[in-house]
Structures are given as structure tokens and as C-alpha cells.
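Next, two complexes with subunit A in common: one pairs it with subunit B, the other with subunit C.
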Partner chain A sequence: MKLQTLRLLGLGLILLVFLALPLLLGDYWVYTITIGFYYAILAASWALLVGYIGRISFAQAAMAGLGGYASALSVQHAGLPPVLGLAAGVLVAGALGFVIGRLTLRLHGAYLGLTTIAFAEILRITATAEYQLTEGSRGLQVEPLLQDGSRSEYYYLFLAVTVACLALMTWLLRSRVGLFFQSIREDEDGAASLGVNVTLWKTVAFAISTAFAGLAGGLYAHFVQLITPSMMSLQEMGIVLAMAVIGGFHNVVFAALGGVSLQVLLEGLRELGEWRLVVFGLITLLILRLMPNGVFGTVADVLTDRLRKSGDDK
Partner chain B sequence: MMHEQLDISGLVKRFGGLTALNSVDMTVGSGELLGLIGPNGSGKTTLLNIVSGYYKADGGSINFERRPVLGHAPHQLARQGIGRSFQVTKIFRRLTVLQNMLVAGLSDGAQSQSEATDRAMGLLRDLKLERLAHERASSLSGGQGKLLEFARIMMLSPKIVLLDEPFGGVHPELKRFMHDHIRKWNDSGVTIILISHDMGSIFDLCQRVVTLSYGDIICDGTPEETRNDPAVLDAYLGDHHGAA
Partner chain C sequence: MSLVAILEQALNGLIVSSFYALAALGLAIIFGVLRVVNFAHGELYMLGGYAYFLAVASMGLPPVVGIVVAAAALAAMGALVEWLLIRPVYDGRADRPEEYSIMITFALSILLLNLANSLFGPWPRRPEPLFRGGVEIGELIVSGDRLAAAGVAVVLIAVLLAALRYTWAGRAVRAVSQNREAAAIFGISVTRVGMLAFATGAALAGLAGALMGPVFNVVPPMGVIPVIKAYVIVVLGGLGSIPGAIMGAIILGQVESFATILIPDPSRALAYKDAYGLVLLVGILLLRPQGLFGTKERRA
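Then we have the complex of A and B:
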């Protein structure tokens, strides 16, 4: 069997499982996995930036929050329908991502990471302090995306948007743009010497990545119908980072699967109370030690290897 | 007839208190194969880095095909026809050999993916890398990596190629193969500036040799003139003559 066929079969099988889950699970887990789709888009958007162009950011959760607030406020104050509110959230998060990308062009590694943390904290503190607009840490009530939408309806909507986002990201990353991103990740000077506009693509990558984060945040806000500054916290960012890394951040689909899986795991550990994050941390350490390419990245590597070997044997 | 393709005038580059290039004047004709030699720290790579847009100059001017070079970004100069290699190869190790080629082929948006792929495969065939097209570049040997860097530059259809130490650590047989290709590109009209400490290659390939020492041009002449120039012998070739 060809590698490409196996990949398509695997993805088809995963999609079928997700389509069937609401028929097998109760409302609580359907709700949990729907939130997992929010994390899936967020983790994939982070993987797009870090895994493909090699730019680190700790502002992804804050960008999701920004998208959520922009969407909620534009619905509340400008009277936009939630769908257009989501578009506003995407635009605002993407525009700020473009600005951050532009301002941090020459920064790398720890310096870039620290700068994005500063941006994230500015956003979170602003959302907390601007009480009249955001209702601070009490949280802002948000219009639902679907009037009287059931848990299953939200589940399938989130699943469809997640699949669409991943398809769009995959298409982009397989195009010449993805090639330019990866060449910049490998060597900026080398890429520039071949005619790649490094400045442009580094900025665009930030904007695209944060636009997806903004969409995820908007969806979340209109689903939960409440948005608080805590969704922009560094602890949330840590969880998103863990999801992408544990899934496999060199592939947006693996990172997304990491998002859903870890959300389910975190909910499964909820009975442990405060200890759940400790257990979660230990599991994370164990996985990183045993599978440095992430769970799904490692599984894919093993399957690819076996397939190649069986091909060689014939 | 050969026309003036690259015109460098009064070029100055300082790093803090160190003057790396001290009002350098140099012209390179279209289709020339020029050697640039000098001891370590003489300013050779600095000159290449300024011509290709990686360093800013502190004074002077550079015109390429009568258009100013200074102030342009490396990618803009690459698209204008200035190709370059690096002392340490900058191949994209986690991409395949073909993908490395396509980055260059698709960067200006002028070619479709299939056109760029066809052209890339042709160049890889010329350089005996065709069978490795779908392998990751990390699996290439050092010499194959140098060849891939050559091939990527040619994907840009450059008018001038700046080669910085292309023969470092390369097997003699592969070096001869690289010589043949440098001559072939030059015969097809591509101007080449070659930096190398390998005097055998410089004197074998180049029609003209420019010698830099402490940021000044101390000799500009034929290989024979350079070989016998007292200033060059004193500053540089005294050590290398036997090796050549």
C-alpha cells in the first residue's frame, strides 16, 4: 500500500470515529470533545508557526482570547450576527499578529519568546482592567452561535470548522508558501539567497497563525457563552503548547489530535482535583522522554518506516 | 563584447574600529570568471556579503547592470540575478533535494510548480543528483551538499554567481567535476566571482585575479601577473605558492 493511500485511510478512519462519537457518548463528553476542537485549532495554529517557520510564540492563547473578545464585543455593540463577529475576531487577531510579526522580525529564541509573553500579558491585563468594556475577571456574556443549538449540533459544527481549518492549513503548507516557510525555518540567509522574501513571509506566518487562533477563540466564546481573561493566561498557553508538542508539532493534524486528546485526558483526570495538573505534567514528561516527535508523530514515523521496509523487501 | 556588469566604487565597510574594506574600486565584466584571493580577514567574504545584500556598506556605491545594489535586500538581489553560495553550505537539511531546488524555482512566482520541477530535475541530472531528488538533504555527503548549493543557484538563472570557498573539504575528483561545471556556466555567459584559498583552482579557472589584503586591493591582474607580484607574494602567496 502506498504511503499517501495509508495517510488518507488513517485520516478517513479518524474522521469516521469523530463523526460516530456523539452517537456513543453522553452530553458531558460530547461537550468536552467540542472544547477539544477549540484546542485542536489553537494547537494546530501554534504548530503552523513553530513547526513550519520556526518562530516561537507564547501569545497564542492570548490571541484566541482577543479573537473571542473582538467577536463578542462586535456582536454586542455593533449588532453583528455571530458569524460576522467571528470574522471580526479573525481580522483583529490576524492584524495584531501581523504587527507582532513585524515588530519581532529580528528576534529569535528566548528573546522572541519573552516578547510574545509580554504581548500576551498586556492583552490579558487589558482585558481584566477594562471592566466597563469586558466586565473584567467576572467575564463577558456572549451571544450563542446557534440559537437553541444542542450539544451535538455544536459538536458537528466545531468538527466541521476544525476539519476545514486543518484542510486550509495543509493546503497552504503544501503550496509554495509552505515551502518558503520551511526554508526560512531551516536557514534564513539561505532562503533569502534563493529569492525568498524572509521579512514578508515571517510576518505573514504570524498573521495567519494568529488569525486561526482568533477564530478558535471566537468559536469558544460563542459556544461557552462566556469569555474571561483567564483563557488568555500563560497557564492556558502552557496547556496549548503541551497539546501541540505531545501531538507532534511538525504536523498541524498531529498537533490538532494532541489538542483533542489532551483535553479529554485533562477532563478524565478532573476527579484528582488540583493534582490533575501534576499527573498531567508527569504524563507529559513521560511522553516527551519516550516520543520526542509527539505521540502521533512517532506513530506516523513507525508506520512509515514499516511501510518503506515492507516495500524494500518486495 | 564584454560590458561592465558589476561596478564597485569607493566601497567602505567598518566593523567597529576595524576597516574591513577600505575604499575598494573594482569592475567586473559580463561573462568574466574572476578569482578573489587574499589572506583570512582580508575582506573577501565581506565584499561578497555587501554585493549580495547581507551587509550594509559604510560608504561607496555598487551598480549591477547599471542599477544600484546598496539598500536592496538579499532576496531582491537574488531575483535581479545575483546568485551566491556560502562558505558553510546553507542547504535546507530537513527538506528533500527537490524541495531545496523548488524554493529557488518558485520564489519569484514566474514558474509553475511543474515547470520548476522539470527544470530542477534537469539541473539535478546534470550534477548527478537526480537519484537523490526525493531524499532529505540531510542524507547528502558534504560534497553532494556543495553540488546541491550549485544547482539551487542555477535554478535562479543568475547573471552573476558569487562562490565563497566552494572547494573546501571536497574530494579531488568532485573538485574536478565542479571545475567543469563552473567552466560550463561561465561559457554559457554567467559571470562568476570565485573566492578560494585553493590556488590551483583559482589559477586553473580564472582569467583575472583580484587580491585583497587588509581591505585594500593590492593586485588586479592575470593569474601569471598575480603569481609573480611581489606584494601578493609578500602578503599571501608566499605561504600558498608551494601548495598551488
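Then we have the complex of A and C:
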């Protein structure tokens, strides 16, 4: 009971800090953190798939790109308002995720990793090659989400969407469905023997995860107002993976916090030049090797442990 | 299409195949022994290119010595990586060994790519190749540096196959690939063979990078495309299968060489060139995950 209140308190405090930040920071940092929210949703959507159902995917960044392109192109060609464009991006990314999830049911581990790398690269190559539609590697101009929106308006919008996404994910993962996911992760055959529809939930998990990625990509495209195939690259995927791993990929909130804080750190350490990415890679390796729950996961574990112990003393 | 043009495409395909095979064999050996797909293989390939560049262009060593230096450096690096990062996969220290192995090698690839970017800079380098000039075979003209590199690659592959077949270490590697427990019961140190396999795999990637570096360019992201080809090849042949990797390389070389002709618009054909192999990869994984030569598992 006490643990529950403490957890809510912690989350409330983090939310308050994020609400207050634009009042304290300049435009540049507000912009940086807004991009950080894009990475937060993306890292959380990846953690939803890897951390809960145990299915690895290297196509998450490509799916964000797909959502971005789908949204931008539907706004440009079908004349949809950007909000409906975003919905189109979510649908397209979710639908492709459903198809990939369905096709790769038999695969797991490295085989699944290789298949999703192939899908990701095919998407990236297609976006580069179909230059009549996508402007190729020059990049596609995208309509802004808010007409004449200020930096802080975008910031609060992104914050709201991120919180909503995380709340939705947490609600889903706390429900029976989340238990189905985890049972599949722990023992697929065991779950099936207890009546869990493994085929259905494995496919649905993929679709949900990619739909969130598509939403993140659409938001990003309409915020930055430019979209290039490089946001679908495996290097970009590596950054998302590193964010989720450093934050803690067994919990969507920790993964999201990893996304925001690493984006801020990467910008803050700009004077280090390319070396910051080396440090970033090194930290990812060390965390994976020594602290598999991630930074926030480990901190939360330590705090919970302390609380339990002090509870015993009384 | 004339006969000469067809032969030219076929020969180009074969040359490319020999490079692909060298890189793919390393992946196959590592997977066979350790059941780990090395997602950092492309970056080991890239480091091989830089080792060759440093030896030949900076230290002034002859190209042949440069290739040996690259192989030795990458073998040492591979052994180190296995010891520091891969060992938890099979000694029970990692909670979910399979996920761990995928993520740790992927993270390693990001680290090495950025490290090379910082250390050597993003600009391309072109060290001295093994051989310069063109070679005429009948009516066909092939560039000499490619042909020489392909020749060396074929010799190296032959040496590797012989070593796997006839040396004690090679037999140990094959034994562990077939059955880990049985190999351990017969007195083979699976830990040492694991290290040997990773070192050999890294050395093969480094050799491929050292041979290809002067033909194309030595540049930090040089491994990104070849490693994807190597994935296609090992999946095509069956993960962990050595003859499968060689057959896969030959098939992919020919597919890429001829499939480019299928799309009439030349700029688009070029842009899609790297996608054919990926479509092949997805097809194989979905229809026959064990590949052409792999052994069937209940769940891939």
C-alpha cells in the first residue's frame, strides 16, 4: 500500500518537473526535450514488445518513419488535416506491424531480429528509391501540426501525448492482456497449454507496438516539418535500443524516461562531438552487462528494497 | 543480352560472392559454436579495413603483411569480445541469454561504429590494393584489384575448410557445433572452443574488410551493407552451416548481379539493388527458416 503511494508520488513529481520545465528553460532546450518525447514514445513502444512479450524487433525506427511518411503524404495528397494524417500513420504502421507479427509467428530470437532488420531496410530503401513520392534522401517537407504553434505549445502537446501513450500502455500491461504477454515471454508452450491464445496475442503485441511507433513518427514529422529516410536507419534503431536499455526495457515508463534523458544528455554533451556517441555506446554495453534492469529500474529496485526493509524493522 | 555481357555479369557475381562468403563464414562459425548471431560483424569487417589501412598507409608495410596484421588484430579483438561480453550467454549469468546476445552485439556495433567515426574521422580512405590494373580473360575485362582480392578470398576459404576438416581445433569446433554436451563429455573445453570460434569469426570478418577496403573505400559505415548480405547468406544456407554459407554466397552474388536488369529505370534499379537480398532473406525465413542446409529445429 505504502509502496503504491510512493510510486504514484514519484510519477507525479516527475510529471510536475516536466510541466514546469518550459517556464525555466530557453527555446532551444524546450525544442530538445520535445524531440526527447518522440524518443520516449518510441523507446517505450519497443520496450512493450521486447520487455513484456519477449519478441525482439529492429524495425521500430523504420516503423516510426513509415508512420511519419504515411501521415505526411496523406496530408499532402489527400488534403487531410494533420490530426487525421497522424491517425492514418498509426493505422498504416499498426497494419504493417500486424502483418509482420503474423508472418513471423514461428520465429524468435536471432531469426526474428534478422527478419525485422530485413523489413526495416526494405522500408528504408523503398523510401529512398521512390523519390517521386518521398523526395528520396533529400527529405520531404511536412505540414506543421499546429499552425504557427510556439515551441512551448508543441512541448505541452507532446508531453500530453507521451503521458497518454504511457498511461494506455500501462493500463494494457496491467490488464489480463499484459499477463498473457508475460506468460508468452516466460513459456510459450506453457501459456498455450493454459488456454492463452498465443498466436493472437503475439500478433496483437506487434501491431500495438508498431502503432505507437507510427504515432511517434507522425508527431515527429509534423513537428520538425522534414522527414528523411535516415530516420529509418539501423543507426537510429541503435539509439532507440540504447535509450530503452539504459532506462530499463522491462518497464515502459523507465524506457520512456531513458528516451527523454538521453536525448537531453546527447544535446548537452555536444562539445564532446562524436565522442558522446562512443560514451553512449559504452554505457549501453556496461548496463546490458552489469545492470540488466537499466538505470531507472535499478534505482527503483533499490528504493523498493529499502522501503521493504524499513517496513520489516517496525 | 549478348553472351559476353551474361558472362561478365556472372563473373562479377562470382567475384562478389567470394567476398561475401568470407564475411558470412565468420558469422556461420560463430553461430554454429555459440548459437549467437553476431550483430557487430559488419563493424569487425570495418575494423579489419582500418587495421589494413593503418598497417599499409601509415606504417608503410607491404599489402600482404597488412592483410596478416588485420587478421591478427581482429582475432585478438574477437577473443576479447567473447571473453568480456559473450560469455554470460552460456555460463548462466545472463537472465535471458538469447535476448542478451542480440542486444549486446547490436550495442557493440553501435559503439564500434561511433568509435571509428571519432578515431579515424568520417572521410573515406583508400589504402594501396594488393594489385593494380586490369586483367583480360578472352573478351572479358576485369579490374585486377578485385580479381586479386577474390583470389585471396578463395584461397583463405579453402584453408579454413581444410583446417576445419583436418586439424584438432577444427574438429573440436565442428564437434561443439553439432552437440555441445557430447563434445564437453569427450573432453573438449567448450569455453575455449567458443573463444576460438569468435576469434576466428572476427578474423574472417577482418580479412574480408582488409581485402575489400582498398577495392571500395575504408570508411566507418563500410560494414553496414556487407553485413546485411552476410545475414542473407547465412540464413539462405542455414544458420551455422559452413557449406550452406558458401552456397548462399554464390546464389546471392548471382541474384544481385542479374536481378538489377529486371527493373528498366536504371537509377531506381541501382537504388533497389540492396533490397533483393533482403526480400530473399524474408522469404527464406518465412518459408524455410532452417535454410537450404541447416538442421530443422521445432521452432526457429
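Here is the rule we use: the second predicted complex is superposed on the first by the 306 of 314 C-alpha atoms of A that agree within 3 Å, B and C clash if a C-alpha of one lies under 4 Å from a C-alpha of the other, contacts with A are read in each partner's own complex, and residues count from 1 in each chain.
Just so it is clear, a contact is a pair of C-beta atoms (placed from the backbone, for glycine too) under 8 Å apart; a residue touches a chain by one contact, two chains touch by 3 or more.
Quick caveat: nothing in here was measured; it's all calculated off a predicted structure.
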| item | value |
| --- | --- |
| First, second, both or neither for A:182, with subunit B first and subunit C second | first |
| Which superposed partner A:14 touches (first subunit B, second subunit C, both, neither) | neither |
| Greater residue coverage of subunit A in the superposed arrangement, subunit B or subunit C | C |
| Partner chain(s) touched by A:273 [first = subunit B, second = subunit C, both, neither] | second |
| Which superposed partner A:172 touches (first subunit B, second subunit C, both, neither) | neither |
| Touching partner for A:197 - first (subunit B), second (subunit C), both, neither | first |
| Subunit C to subunit A touching residues, read off their complex | 31, 36-37, 39, 84-85, 88, 94-96, 98-104, 106-115, 117-118, 224, 228, 231-232, 235, 239, 268, 271-272, 274-275, 278-279, 281-282, 285-286, 289, 299-300 |
| Residues on subunit B engaged by subunit A in the complex (per definition of touch) | 52-54, 73-75, 78-79, 83-84, 86, 90-95, 99, 102-104, 106-109, 113, 152-153, 155-156 |
| Partner subunit B, residues of subunit A touching it in the complex | 176, 179-180, 182-183, 185-187, 189-199 |
| Residues of subunit A touching subunit C in the complex | 50, 54, 56, 58, 103-104, 106-111, 113-115, 117-119, 121-122, 125-126, 128-129, 234-235, 238-239, 241-242, 245, 273-275, 277-278, 280-282, 284-285, 288-289, 292 |
